[in-house]
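Each of the two complexes below includes subunit A, the first together with subunit B, the second together with subunit C.
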Partner chain A sequence: MELQSKYRTLRDVPQLDYLSPGGSLCAGCGGLLAVRLFHKVLGKNVVWVNAAGCMTIMVNYPLVPLKSNWLYTAFASAPAGAQGIRDALDILIKKGKIPESEDLKVVVVTGDGAAYDIGLQSTSGAIYRNLDFYYLCYDNQAYGNTGFQVSSATPVGSSTATTPATPSQPAGNIQKRKDLFEIWRAHNPPYIATLSSSYAVDFLKKVEKGSGFRGPKLYISLAGCPTGWGYDPRETIREEKLAVDTGIWPLKEAVEGKVRHTVVPRALRPVEEYLATQARYQHLFTPTKRIDVIRQIQNDVNSYWEGVADREGFDIKLVET
Partner chain B sequence: MTSTRSMLMTGNLAAAWGARLGRADYIPAYPITPQTEIIETIAKWVRTGEIDAKLVQMESEHSMLTAAGAASLAGARVFTATSSQGLLYALEMLYNIAGWRAPMVLVNVARALAAPITLEPDHNDILAARDSGFLQFHAETCQEVLDLILLAYRVAEDSSVLLPAIVNLDGFYLSFTREKVDLPSEEDAAAFLPDYKPVNPFSASNPVSKGATVLNGALYSYFKYHMHASSLRARDVFEKASAEFERMFGRSYSPVETFMADDAEIVLVISNSFSTIGKQAVKRLRNRGIQAGLIKLRMLRPFPSSLVARYLSGRRGVAVFDQNISLGFGGIIYSEVLTSLYHRRNRPQLILPVIGGLGGKQITIEEMERIFEATKNELGSESPEPLFLMRSEELERTMNLVKTAKEVHS
Partner chain C sequence: MIIRVRFHGRGGQGAKTASRILGTSCFIEGLNVQDSPVYGAERRGAPVTAFTRISDEQILERGYVFDPDLIVVMDPTLLDSPAARVTDGIRKKGVIFLNSPSVTHITKQNIASDFRLVNFDLTNAAMEMLGKPIISSASAAAAARLIGMVKESSLEQAIETELEEIGLSEETIEKNVLLGRKVFSSLEPVELMTEESSRELKIAPLELILEGNGLEDITAAGNSSVSRTGSWRIFKPVVDYEKCTACTVCYAYCPESALTLRQDGKPVIDYDNCKGCLICYRECPPKAITLEREVVAF
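Here is the complex of A and B:
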């Protein structure tokens, strides 16, 4: 039986914040919002282990907005940093050198560049060793910190600074995203989930639920990125919600490997509604509408949900293409 | 001075004993030749309960060093070891760990760098790390390996230093050579090296940020200046710790060791295991009435410039033996010795650059003697010819190998 969650409505979002206001990230950053929400569930006894990315700039000496611990490691090896801290705390507690009250939750926080690309080796190593840690990836689907270049999380059809739409490559990026959720699942960790701050209750519940497991816990949070995606900063929540409602960003979890979708739109909205609002997809609409690319994106979404509906036994209304 | 027991041990085993007597809490590991024996030994001790520590095999040296530094910041005493390509693969993290001010000890078993790939030693690996902020101590003997590890912890953890340290020993020449090593008792080692008291570790009651961003050059310079000043202080801290070490164990370690150098006219500057061959040559030359001497660099970072200058000023000729090559320039230590002497009033007439022993190429006592002769011959010359040590029969043998291979494969 499922444990009763503390989080049932938006009113249950904890007021207490572990991040001071202000800071040097872009206005409307969805990544920062994810970090903020995540922290609310974990409480104050946390050490964040960070790899190079947008959040790195959050802790900007001497202006440190965090009320918890922070370590910037390097682009490739934040999970290894988490390993060192977890192991050290375990040994020191075991030897009685520090009291258990000084124990910390160890949380890796990285962007998609580290999570999907350069840090995959150290991530795989940490999961393999069954490290007891949280991994929060704020996925803005490109290298945002360096000016929005393609990453292996960039979706088909998105233009980036290194995959611009041109007459010879009218779709922008043509590579399919790596499926980080499945890459992790193949390593058999106890808990994996996708998140979007736009579904905050689902978000909080999953962090709470994952906390009940020892071992590696992955959270991939969609991170609306006004600067890279090209929309007004106040629209972040709306963009992230559209991503869920069009079926582009499925909200799901895998407990001990068993996948379940936690938010199932009864009827998907057309992906076009989402794509049309962002500058990174503008080449799909002007000067001529690239129906072929939009249809490909829609077909991918449809076939994903068809499969899920079959496996999990629910009905879903797909978009006609 | 207390009683100790002696054992025959390899340099690698001595390094493992350094971790054991230093009571390391945590050893992240990744295998690489010729370092593996160190970690295998410790792994066995962890399993038999002879050490109360955790050893975890990581998936790369880069991760290994990340875990090492992070664990040190959480308050554990950390030991690990690597070599060659592994050190280079982890190089990014060396800079980070030094910047985190995480006082851990890393043993490097020197091995030349690819390509061509080889297992045998020279010092290009360890010298690639010289600007990282890690303190560097270089061992000549297995005894030194053990003792320098204990000293390295003392210096690294000193609150006026707080920088990580590397202890370097030569692959094969030392890693697999058995020598008699005096083993301090656990009690004495603990008296010399008390438990690690971390400064502001990660904690629930007093959260800290480490490795934070700085978004301007003045702040960055401020941090780097402090690291530099701390590194320079490490020399005094080392000398004090070493004096205490001598009182307890009867062995003394100066940052620079002198050998028959008091009245020497020609002095060889050298480091690591080839120093032993150099010393033999000096003895032979002395027997022939030649005033030869040697100084051995035991501390490479901070560079003991003033000691080097003190020992070398007033000599007629100095030869600097570099077991490394900065391609397109020459020997790395050569330039550091030159720099240390430039402003001295009676700097030596001649400082001869010598490069030898690359990739573990053997050096004979005769070759060492040849260095002294060459130095004498070059006295008075304005631009001395750098000496690349290779014997003619070695060159011949190399050419023959190439020729034979051509014949076999044609």
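Here is the complex of A and C:
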């Protein structure tokens, strides 16, 4: 039987903030919101191990928004940094040099660039060593920090600084996203989940649930990016919610490898509604509508959910293409 | 003759593009030009500076403009920001252009040197024409008109060239041209006092941002609130406590932790640090949060 969660409505969002305002990130940053909510569940005793990326500029030394601890590492080596900290803490506790109560939680925080591309091998190593840590990837689906270049998390059809829509490549990016969830699942960690801050209760529940497991725990949080995706900063929650409601961003978890979807839209909304609101997809609508690309994206979403509905035994109304 | 212009805007407002449009319009007039922006580690909403140098001779200077003849302040709230330092190095009898609906509440006492102030509400013009507060072409048009060396046709051509390069739609470019024309025709050239083409090398003084013992501030956890990012706002969210139902949606979704809850569950906005992303305004179920156009000055 499932344990009762502390979090049932938005009113249960913990009222202590471990981030102070005044950081250097863009107004309306979805990644920062994910970090803030994540921190609320874990509490103050956290060491963030931060691979290079957008979240690096959260800190504008000597001004630091975090009320916890922060270690900054190179792009590829955050899980190695986490291993070092975990080992040091374990040794100090074992020797009695610090009390058990100072058993800090080690959390790697990376963007999709580090998680999907450049840090994948060190991550794989850390999971293999069964390192007891959290891994939070704020996924804005490109290298947002350096000007929105393509990453292997960039979805089909998105234009980025390095995959703009051109006459020879009118769809923008043509590569499909890597499935980081499944890459992790193949390593057999105890807990993996996808998150969206727009479903904040689901978000908090999953962090709470994962903290009950020892070993590597992955969280991939969709992170709306006003500058990169091209929407007004005030729309961050709307965009993230649309991604879930259109089925583009499935909210799921895998406990000991067993996958379950935690938010199932009874009827999917057409992906067009999501795509049309973002500048990174505008080439699919003007000057001519690229029905082929939109249909391909819709078909991918449909076939994903068809498979899930079969496996998990629920009904879902798909969008006709 | 060399004219040095410095633009002060916020990330996303179009300071960089404004300096490019100004540069290109002078280039079309056959002048030598140079333009370059500066970004810090901060992103959208943070103070951004861009420089344009214009001359009828070869320009041998490089780098920051420390002593501008014309300063274009694209957002009046920047006057308040110690990070932006908008009035630094203004030349004697230099010109400050201020994007603001009025100058009545602005005094000159905080600026030591003698300068001339011109103001026009670019944001309002942009809201009317484009529907959003993006004022790259409007600011460029203002600067181009003030320096008095650019024909309207060259400005239009420059707006088209630069905005096309960014990849904006034809419709948007057209609206920007109209906006540029409106601003251009609403202002009059000012005589800039610039005379010599070269001058002594200047070095910007380095100042500590934090007062007192730096170490204390560094070791204090969560000290970033002293950076007062509240000056990043263009619009200010205001809570109507009568309408507020204490649902806490705004609190849950504020990325900045710039909202706290009172005893009764209603939000208090930390205006010193709220960057004005307006997620709280957009998500508020009873629409108890409204917007105010923010114009503050010293």
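We adopt the following convention: the second predicted complex is superposed on the first by the 321 of 321 C-alpha atoms of A that agree within 3 Å, B and C clash if a C-alpha of one lies under 4 Å from a C-alpha of the other, contacts with A are read in each partner's own complex, and residues count from 1 in each chain.
Here, a residue touches a chain if its C-beta (ideal position, glycine included) is under 8 Å from a C-beta of that chain, and two chains touch if they have at least 3 such contacts.
Computed from a prediction, not measured in an experiment: that's the story for all the values here.
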{"item": "Three-chain arrangement built on subunit A, subunit B and subunit C clash or fit", "value": "fit"}
{"item": "Subunit B versus subunit C as contact partner of A:T236, first or second or both or neither", "value": "second"}
{"item": "Contacts of A:L66 with subunit B and subunit C, given as first, second, both or neither", "value": "both"}
{"item": "Touching partner for A:V156 - first (subunit B), second (subunit C), both, neither", "value": "neither"}
{"item": "Arrangement angle, subunit B at one end, subunit C at the other, subunit A at the vertex (C-alpha, nearest 10°)", "value": "90"}
{"item": "Partner chain(s) touched by A:Q83 [first = subunit B, second = subunit C, both, neither]", "value": "first"}
{"item": "First (subunit B), second (subunit C), both or neither touched by A:L120", "value": "neither"}
{"item": "Partner chain(s) touched by A:L10 [first = subunit B, second = subunit C, both, neither]", "value": "second"}
{"item": "First (subunit B), second (subunit C), both or neither touched by A:K97", "value": "first"}
{"item": "Touching partner for A:L32 - first (subunit B), second (subunit C), both, neither", "value": "second"}
{"item": "Partner chain(s) touched by A:P226 [first = subunit B, second = subunit C, both, neither]", "value": "second"}
{"item": "Minimum Cα separation, subunit C to subunit B, after superposition on A (Å)", "value": "5"}
{"item": "Overlap of the subunit B and subunit C footprints on subunit A, listed as residue numbers", "value": "24, 57, 59-61, 64, 66-68"}
{"item": "Subunit B contact footprint on subunit A (complex, rising order)", "value": "24, 44-45, 47, 49, 56-57, 59-61, 64, 66-74, 76-85, 87-92, 95, 97-98, 101-104, 121-122, 124-125, 128-129"}
{"item": "Touch list for subunit A against partner subunit C, complex", "value": "10-11, 13, 15, 17-30, 32-33, 36-37, 57, 59-68, 164, 197, 200, 226-227, 232-238, 286"}
{"item": "Contact footprint of subunit A on subunit B as seen in their complex", "value": "25-26, 28, 52-54, 56, 58-60, 62-64, 66-76, 78, 92-93, 96, 100, 195, 202-205, 207-215, 219"}
{"item": "Subunit C residues within the subunit A interface of the complex", "value": "11-12, 40-46, 132, 167, 169, 210, 214, 217-218, 221-229, 232, 247-249, 251-258, 260-261, 265, 270, 273-279, 281-283"}
